[in-house]
Structure formats: structure tokens, C-alpha cells
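This is the structure I want to talk about, given as C-alpha cells.
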Amino acid sequence: MANHDIDLTVRRGTVHALCGENGAGKSTLMKILYGMQKPDEGTITLDGEQAALGTPADAIARGIGMVHQHFMLADNLSVLENVVLGAEKLHGIGAKARAKIMEISDAYGLAIRPDVLVEDLGVADRQRVEILKVLYRGARTLILDEPTAVLVPQEVDALFDNLRELKSEGLTVIFISHKLGEVLSVADDITVIRRGTTVASVEPSKTTPKQLAELMVGSELPSPETRESTVTDTPMLGVEDLRLSATDSDGVVRTVLDGITFTIHKGEVLGVAGVEGNGQAELVEAIMGTRSLDGGTVTLDGQDLSAASTRKRREGGIGYVPEDRHRHALLLEAPLWENRILGHVTERPNSKGRLLDLAAARKDTERIVAEYDVRTPGIEVTAASLSGGNQQKLIVGREMSHHPKLLIAAHPTRGVDVGAQAQIWEQIRAARREGLAVLLISADLDELIGLSDTLRVMYRGRLVADADPATITPEELGSAMTGAASGHLTAEDADTREGGDRE
Amino acid sequence: MRRVTRFAAAASASALLALTATACGQSFAEANRASHAGVGLAFDIGGRDDHSFNEAAARGTENARKKLGVNVKMLTAKNGETEADREQRLASFAEAGYNPVIGVGFAYSRSIENVAKDFPETSFGVVDAVPQGKNVDAMVFAEHEGSYLAGVAAALKSKNHKVGFIGGVNNALIQKFQAGFEQGVRDTDPKTKVTSQYLYPNNDKGFNDPAAAKAKAGGMLDSGIDVIYSAAGQSGAGAIEAISKRKGAWAIGVDSDQYQQPGLAKYKDCILTSVVKNVDVAVFDLIKSVEDGKPLTGVHAYDMKKKGVTLATSGGFIKDIQPQIDAARQKIVEGKVKVKETP
Amino acid sequence: MKTLTRSFTKDKVLLALAAPLLAIAAAFVISSLVFLASGENPLRAYWIMADYGHYSDSQVWIINKAVPYYLSALAVAIGFRMNLFNIGVDGQYRLAAFAAAAVGGAIALPGALQIILLIVIAMLVGALWSGIAGVLKTSRGVSEVITTIMLNAIAASVIGYFLQDGRLAIKDGNLLHTRFLPESSHFFSFPTHPKPVYGFVVIAALAGFVYWFVLNRTRFGFDLRAVGASEPAAEASGVSVKRMVVISMLLSGAAAGLVGMPTLLGESFNYGTDFPAGIGFTGIAIALLGRNHPVGMAFGALLWAFLDRTGSRLEFEGYAQEIVGVIQGVIVLCVVIAYEIVRRYGLRAQQRKVGEELAAQARTNENDKAEATA
């Protein structure tokens, strides 16, 4: 997507936030700044001097460093080795390099342990290693691409402390995000991008999240709040004592799911919170039937589905919005109408008997595109050419078109712009009103709290805590996600624990 | 629907194109009538320089070139050929006016039969096969008889009383070599053990894979076998190479006198003798008959009696056992010994 | 909206044409360099090939040769559409043809019945042989590439064992072959000039149509393509990937079973030591050439046969025998590379275009809104 008329001024020694919807042009701008893409016209000035950034090497030489959203670390190497990899010329690979690393780590409070293997590090630690890598190469200006997407609230706070430390040492940070609360709490200046152009520069102290969001979308702010309850007494999905173990790459058998029991009623949204990798993905796969269970039962609308195939389960009324839509929900190089058939090939209008009904499938794709506001020039384009939000709208539209009894939505608005996010939330709310049961898994705690009727927290393959979304705060939920709290979470409980932590 | 029509259109268009072209077109032969151009020689797998079978045929045409002044053109088979490829090769010769057209090897059996029908004016010859046809000269050899003599020599020369046979491909022709060899060994020294192995069960690659023969011979040598007879076309060179590296071991060559082959000169001191198939004589006979205007047709068997198969004496390694070999030959010629064609 | 869709299809057609044209141009250039490097005149070579190829006997020859090539390519393509690499088509068709020939020589059913029986036997044997690889892949995780190569070797040995005098073969001079099929199992042929064209060309065309129809018009075909496009997505959509692997291997083997039939029922009428081998490998090249598309592979098979035919002519005219093999390899490489380049370019172009269209739409919408408020 092309950018035009971008005006951005970043002051030295500040945290400058760049925010906009997904697809607004943040990534392109970032690539230009980091020398990965050349601008057609316009100039970049660094310290009053015009700079031509042809390659990332140019950018690094000019003191610009970038921390990518997806970490670029070698798991089986130590932190030290990862840092010096590719920069061996600077300080060698031995004691000098180690001293330099410790110096940087201490200066900015990064708490780096140079000899630990990267594979043993948590997400937040890895991120700090990435930051250190950039600093080690002499960066004075850091670009951070959506750094908080992978962190829990406590880790976000720690990251922000690091950023403030960097700032106080005179470094400049460009912080890319579409999470408004974070932007407002850490940034000194904010530039908003919409449809490839800068629409506003604002000061955080004079801006509310609502105003900021409106600038980003160009319209009113959506909210995930759902209040009037539609929960009924009729159980729709029953999951009883689900157990699952898996063999990891070292041949060790680990328990992935243990004693998972819950019921979702008609008209109820059950939210599952948890740090990624605690069994949420496996829970979804177990319910979808793509993993065979070691024990336990899955019932849908009174029907035992424990032994049914994935296709039987889908035909039985499970709609599925998977976490990784590129891997699990789309054929990226196939046209939209073929993607509309995917997962529902045995159902009308996609097929009649054993034959496909291409005309009907195409027509119905047109309908989904119109009804669910999928922004595309036509249904013959490949799924890969749509933006994330539009892909997701197509997926939600497809799943809802088959009138499911249960909708499984895993991170439904991840990597989706604010506009699409609002529409997807609205779809989930509508589904709930119509009496669907919804299993919602998300890392976005606002989304979880806002949409769910019941909340559960998953930790190391078990449902360890539950909470009432009406009273819980993201911070309280966050501490349960790290295993620090269990049982029924109430506001008071969380408060006392937090008080205790402070002492 | 759109796609169905597009598909159908494309398919029928190409079909139409193909069939109209074939139905009304002219054939190459009709367009290119040629007069006498010389001798066409189509080789089996391995090509002219296989140091054995094909080379023997080539020698026959060389003689004809020198003595009769005829022109010669040679073409070679590829691995994995089909009947159609062979027919095309033979037809190309006939179309261009080559006469006679000779296929070396029984692989040409069926193709000669088919092509000979289309070119009744041309004489065809084939080595090692007996196809039907009024204008076909079938040249067959008593490989089993020659191999019998090789067996006699091997039994007499083996110190360990262990001899081996390596066949290129397990087919009817090579089995004749195996049968004769085994019988010759048995009749001479019943105590001597014969090990017979093939490189490939049914892939023509066996005549074109010296590396496989080398490995096979190496295995035999390791088990104490000290005389190895290989009937494997070009692959045989691999076996000879392996044998040359083992002191005291003998190789028996096939088809041509391999002691005299320039390509094998490095190893000639281990080549005890060779079962020579006088393909060159047969080929020369056919060319001469065509030149004389009385082309040979029908089956011509080149057996021991007619000296179609002989045992080479180059190198003089079998001089000491020549009397026994001559005696064995005599018995075959007189019919006192009947050599079997299958093992 | 309508016009946009149309412009996208137009682009698609242009892109579809760009790839083969690019490939042909590149192949011409590289082949010419090969000719020049070997000290030959490329233009004369092309002229010889074109001239020789246009005669009717060449064309009959080419079509007849292309029929087994095409069937072999279909068998390979079924696997390719599933991301399976069936290298074993060679062993499958030979074993299948051998079994059909052995049965066909032993019994004599009236007319068409015998032909149908033999074709069914061949397809079953081919499917059985490839099915082994499918089952091993799903049950034990062995790569089908390895197993099918091994099964090729085993098939050759099995045939070698039975194709002996006194077992299933009879000796005919220096050839060994199964008993001749009775007249009733001779397939019809088209009386073209000067030689007939195999009637089996009809079966090949039919097989191509069935391939296309099943893949593009049935639920099963959709599932198969989905697995080929993205295994995890197919699994999540409810396809049993393991079952699909076995089924598609069986289908691939069944198609491979047809490869030997034009020769067996139309020309040799027995399976002998001179039965053509290696067509299974040629099929891989042709499936790549034709991009697994039924019409594309038909052109690919004809092109390959054309090169076989005219290449031998080049040898006759004094060119090196190996040069045609080089040209065939160059063409396959050029096609594969050209298609990949064009595919990537197309994907990028489409993404850009979608972005531009949407931006334009958004701008007009905004203007409309602005006017409305004004």
C-alpha cells in the first residue's frame, strides 16, 4: 500500500509513538526509515543532515536500529552469541564483547544474562535481547514494531521502564502500536497515520484514548463492551475432564491439557485468558477434533462428539475462527470464493451431493463480501492480497453463514485494524444475541473482559482461575495468567496481592 | 460454466489440429526419395565403443568400407528406448537410401520386422535375432558353444577351483553364454564351482554400467574366485578393470578379442582369452551380398563349425592348454558334445 | 465492481500466457547457446527439427508417443496436486502392464469385455503398488519419495523373476515375453496415413477430462487441492489428511496403470523384455512442464514427443545424440523458473492493485461524505 505526504518529526531523546490502523501504512514508513524500501520522493533528515538510506546497513551505520515484531534470534545459541552474531567485527566474540554487553545492559537496566540459551528465555527476555542487539550495534534511534503485542500487562510495564531509561540516556525511540492506552502512557509525541498519510500530531497529555482512536479510524471509537446478558440455562458445549499429552521435540511426554472441564450455555461467551503456550491452542484443537484426546468428552447440544471427525464436528455446528488464519483458515493463493468453500465443502450452497456448486458458491461469496464489508475489488482475487482485517471478516462471514451452534474464536482481532475489529466484535455480539455459544480465546485482555460473560484463566494446561468480567481489571487477570493467583478472582483478592507485592 | 467451454475449446482445437495435419499431410519417405547412400548401422545400447559387441559389428563395416568402398553411417541407441524410437532409427536409414540397414542386437528384432515391411526394396540385417521378413538377414551366433570353450579354459586355469560368470542382463541371450560356460566347466573339472550372477534382472542398463560390473567382480574376487567370464557388453570393461588389480586372477572377455582393444590395453595382461563372436564377418557377408546384387535373406547361423564363434589366443596365455581346447572344439564340431542353450 | 472483476480475469489470462512465452524464449536462447558451444549452427538445427516434424509420419509418431507420456504425467500430477512426489510411476505402470499382459495372454473373453478387464487389472495393480507407499507414509511416516523409488526396484525384480521361460513368459528368439493377447483385446486405432494413431488417445483425453472434472468440480477434488495448498488449513477444515494421502496415492497409481496400455493393447500385444521403460520419469518432467494442468500437460507431452522424434533426426544429420536431452532439460528448467517468476510477480501485482483500488474507493467515499456534509 502506498504512502503519500508523510510528515514526521522526531525529537532526540523522546519516545515517539506512531499509531494507526493495521494497513494504514505504518509498516511501509518503518521500512523506509530502516532502509528496506526506497521512497519515490521526499527526504529523510537526520540531525539536520539529509540521509539516503538505501539498505538496512546504511540505516545501522547512521545509528538507526529496529526491533522486529517477530524476533530474529537463534534458539540454540546463548544470548551472548546471538548478540555478537553478524557483528563480530565490533568487539570480537570474547571477553570484550561480554564486557560491552554487560555495560549496555547495566546502563539501560536490561538485566541481560549473557550465557543463558535463548530457548530458555521468556518472551519479554527475548525482546530485551533484541533491544540489546540493536544497541550493541551502536543504534541511537530505535524503531520498535508493535513491541507489546506479545507481552502481558506486567511485562509491558517493565518494557516501558526500559524505554524511559533509554530516553533518559539521550536515545530516541520510535514506537509503533495501535494500542491506545499504551501509546498514551509511554509516548512524548504521537503521530497518527491513516490511509498512508499522517493525519495528526498530538501530545499525549492533551489527548484521550477516544480522541486518538477517532483520529486513527476517522470515525467513532468502537468498544468491546457487552452488557445486557443473554446467557441462558441451556448448555450448548460441554467439555468434561479433557486430558491431552504430547511428545515434544526431545521425546519427553508432557501434559498439555489436564482435567479441563467447563460448559458454555446458549447465548454465553466464555473467555479464556492465558499467556500463549499454556494450552489454549491445544484446547481449541481438541474441541475441533484435529487432536485425539487421551481422555474426556466433548458434547455439543447434547450430542457426544468425542470420537467424531473434524468434518462431522463442523457439520454438527461448530464455527471456527482460528488463531493463525494464514495457516488454518485460508488457502492464501486461492481466490476468495474457494476460500469461502473451505471448511464447508459438504454444505450448501457450496455443493450439491458430491459435486461442487461453483455458481452458488461464487454468488454466496459476493453476499458475504457485501454483508460483512470485506473490502476487495472482487471475489477472484487471492486471499493473500487482502489485508488482515478483511481476511478475518471473510472468515467470520464464512463461519457465520452456516448458522453454527458454537463459535470458537481464537484471537479474532489479532493483527486486525480498528475498523475491522469493531465489526468483528459486533459479529460476536450478534452471534451471542442469536443464542450461540462462543468460546473466545484472546491475548487482548480488554477484548476478553469486554466481550465475555464468564472468564477462565488457563495456566500450564489447567483452568486455574475464574473471574467475573464485570468487576475484574486487566492487571488482576494478568497476575493470574502468570500463575500468581488462582481460584475465583475478585477485585479485593487482587488488590491485596498487589499490595503485598509492593512491600 | 465459462471454464468448461474454455477447456473444451482448447482440447478440441488441439485435437483437430493434430488430426487434420496427420490425415492430409505427406510422409517424410514420400517427400524424400533417396538413392543408394551406403550402409546404415544401428547400434545397441553402449554405442560403437563398447569394446565388444557393437565394436565387432563396426569392424565389419570398416572392412566393407576398405574392400568394397561403401559409405557407412552409424547411429546409437539411448537408454530407455521404446519400439518407436528404434523403428524411427531404422526407417531414417531406409528413407535416406541406406542399404543394407543393420540392427545390432536382439532389441531390434521386432522393429526390423516392422520397418522391413515398409521398405521392401531395402535389405535389412539383424544380429542375434530371427525376425520374419523376405528382405531380412538374421545373423545368429552359437554363443553357448564359444562359451563352452571359455568354460574349459577357466576350469583348467583356476587355481582355487572357483570360477565366476557375470551377465549384464538376465535375458535369453545372456543365458546362452551362462549355460555354455557352466557346461564347459563341469565337463572339464566337475570339482570346480561356478558362480553365475547378473547385474540387472531386466534393465538394458546392464550393458552400459561398468561400475556395477566392477563391484560385482570385486565381490567374486573377494570370495576366492580367480577366473571371471563377463558377458555384459560395455559393462564388461568394469569387471576387467577390477580383475586386473588382483594378482593371479584372469578375465575372459566377450564378443571381440578384448586383448587387442586399445581401450583395454592397460588391463590386457589379465585377459586370458575372449569368446569372439565374429559379428564383423557376418556383417561383412551381408554388405558384400547386397553390393553383389544377391542380398542374403533368412536365418544365417554362425556356429563353431562355421567359425562364427572362436576363442581368441592373443597374449598366448592359453597356449599351454591349447590341446585340451582344440579337443573340446572338435567334439562340438563333430556333434559329440551338445551344448545347452539354457542353464 | 463488475468491471474490476473483469480486469482481474484479463490480467490472469495475460499472466497465464506470459509464463509459457517467457519459458519458450529463454529455452530458445539457452539451447542456441548450447548448439553454438558445441560448434553447430542452431538455426539449421531448428530448421531440421521443424521440417522433419511437419511430415505426417512424424506427426502420427509424435501423437502415439505422447499418449503414454500424457497418462504418465497425469499420474504424477495427481500426486503433485497433493504435494506428493510419486517417483514410482515407472514401477507402477510396468508392473501393471505386466500383470495385465499375463492375465490377458491366459484368458480370452469376448471383445470389449477382455479389454475392460485388462484395463481394470492394470489400474488395480498400479494402485496397489503405489498404495503401499501411501500406507507407509501415513502409518510410519516414511517419505513417499523413498518408498516409491524402492518400489520401482522391487517391481523390476518381480517382473524379472516371472518373465522367464517356464514361468509366465515364453521364449521368442532372444526375447522373452508373455503370451500374445488374443485378437479380441486389440484396441481400435484411427486409420491415419501412413501409420495408424492409437485408439487409446481417446482414453487419454477422457482421463484428462476426468482428472480436471474431479479436481475442479467435486467435493473430493476440492479437499485434495486444499491439502495440496495448505495441509494445516485442510486439516482444520475437516479433511483427514492421512486418508487423503492414501487415496491420492491409490489414484495416482491407478492412472499410472494406464501408461502401459496403449503399447500393450495397441502395439506389442505382450509384455516382453523390450517393453518400454522409463516413461514414469518422463511423466514427471511433463507434469512440471504442463503445470499439472490437463491441457498444459497435453501440450507438454506432444512437445516432448516432438523433441524425441526430431532429436533423433538431428543425430541422423550429424548432431550429438545428447543434445536433445540437454534441450529437454533446459525447457523444463525454463518453464519451472518462468512460472515461478510470473507467479510471484502476479501475486505482488495483484496485492498492489487491490491496495490501489481500495484506496481509490476510499477516497471517493470520503469525498462523497464531505460533499454530503457540506
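Assorted remarks:
To keep things simple, chains are lettered A, B and C as they appear, and every chain counts its residues starting from 1.
The working rule: a contact is a pair of C-beta atoms (placed from the backbone, for glycine too) under 8 Å apart; a residue touches a chain by one contact, two chains touch by 3 or more.
Fair warning: this is a prediction, and the values are worked out from it, not measured in the lab.
Taken pairwise by the contact criterion, the protein chains link up end to end in a single open path, with no chain closing the loop. Taking the mean Cα position of each chain as its centre, B sits at the greatest distance from chain A.
Among the chains in view, C has its Cα centre nearest the centre of the complete protein Cα set. Centre-to-centre, using mean CA coordinates, chain B is 34 Å away from chain C. Separation between the centroids of chain A and chain C, computed from CA atoms only, is 44 Å. Computed from the mean C-alpha positions, the centre of chain A lies at a distance of 73 Å from the centre of chain B. Across the assembly, chain B contributes no residue that touches 2 or more other chains.
Counting only residues that touch two or more partner chains, chain C has 216. Residues of chain A found to touch two or more other chains are absent.
The residues of chain A lying in touch with chain C in their complex are 1-2, 195-196, 288, 290, 309-315, 320, 322, 327-334, 338, 341-346, 351, 354-356, 358, 375-382, 384-386. Taken together, the chain C residues at the contact with chain B in this complex read 52, 54-61, 63-65, 156-157, 159-161, 163, 165, 171, 173-176, 190, 192-194, 197, 205, 208-209, 212, 216, 263, 267-268, 273-274, 276-279, 294-295, 298-299, 302, 308-309, 312-313, 315-316, 321. Listing the residues of chain B that touch chain C in their complex gives 3, 7, 10-11, 14-15, 18-19, 21-29, 31, 73, 75-76, 78-85, 88-89, 91-92, 96, 106-107, 109-110, 118, 128-131, 169-173, 200-204, 342.
Against chain A, in their complex, chain C makes its touches with residues 1, 4-5, 8-9, 12, 216-223, 226, 229-230, 232-233, 235-240, 347, 350-351, 353-359, 361-362.
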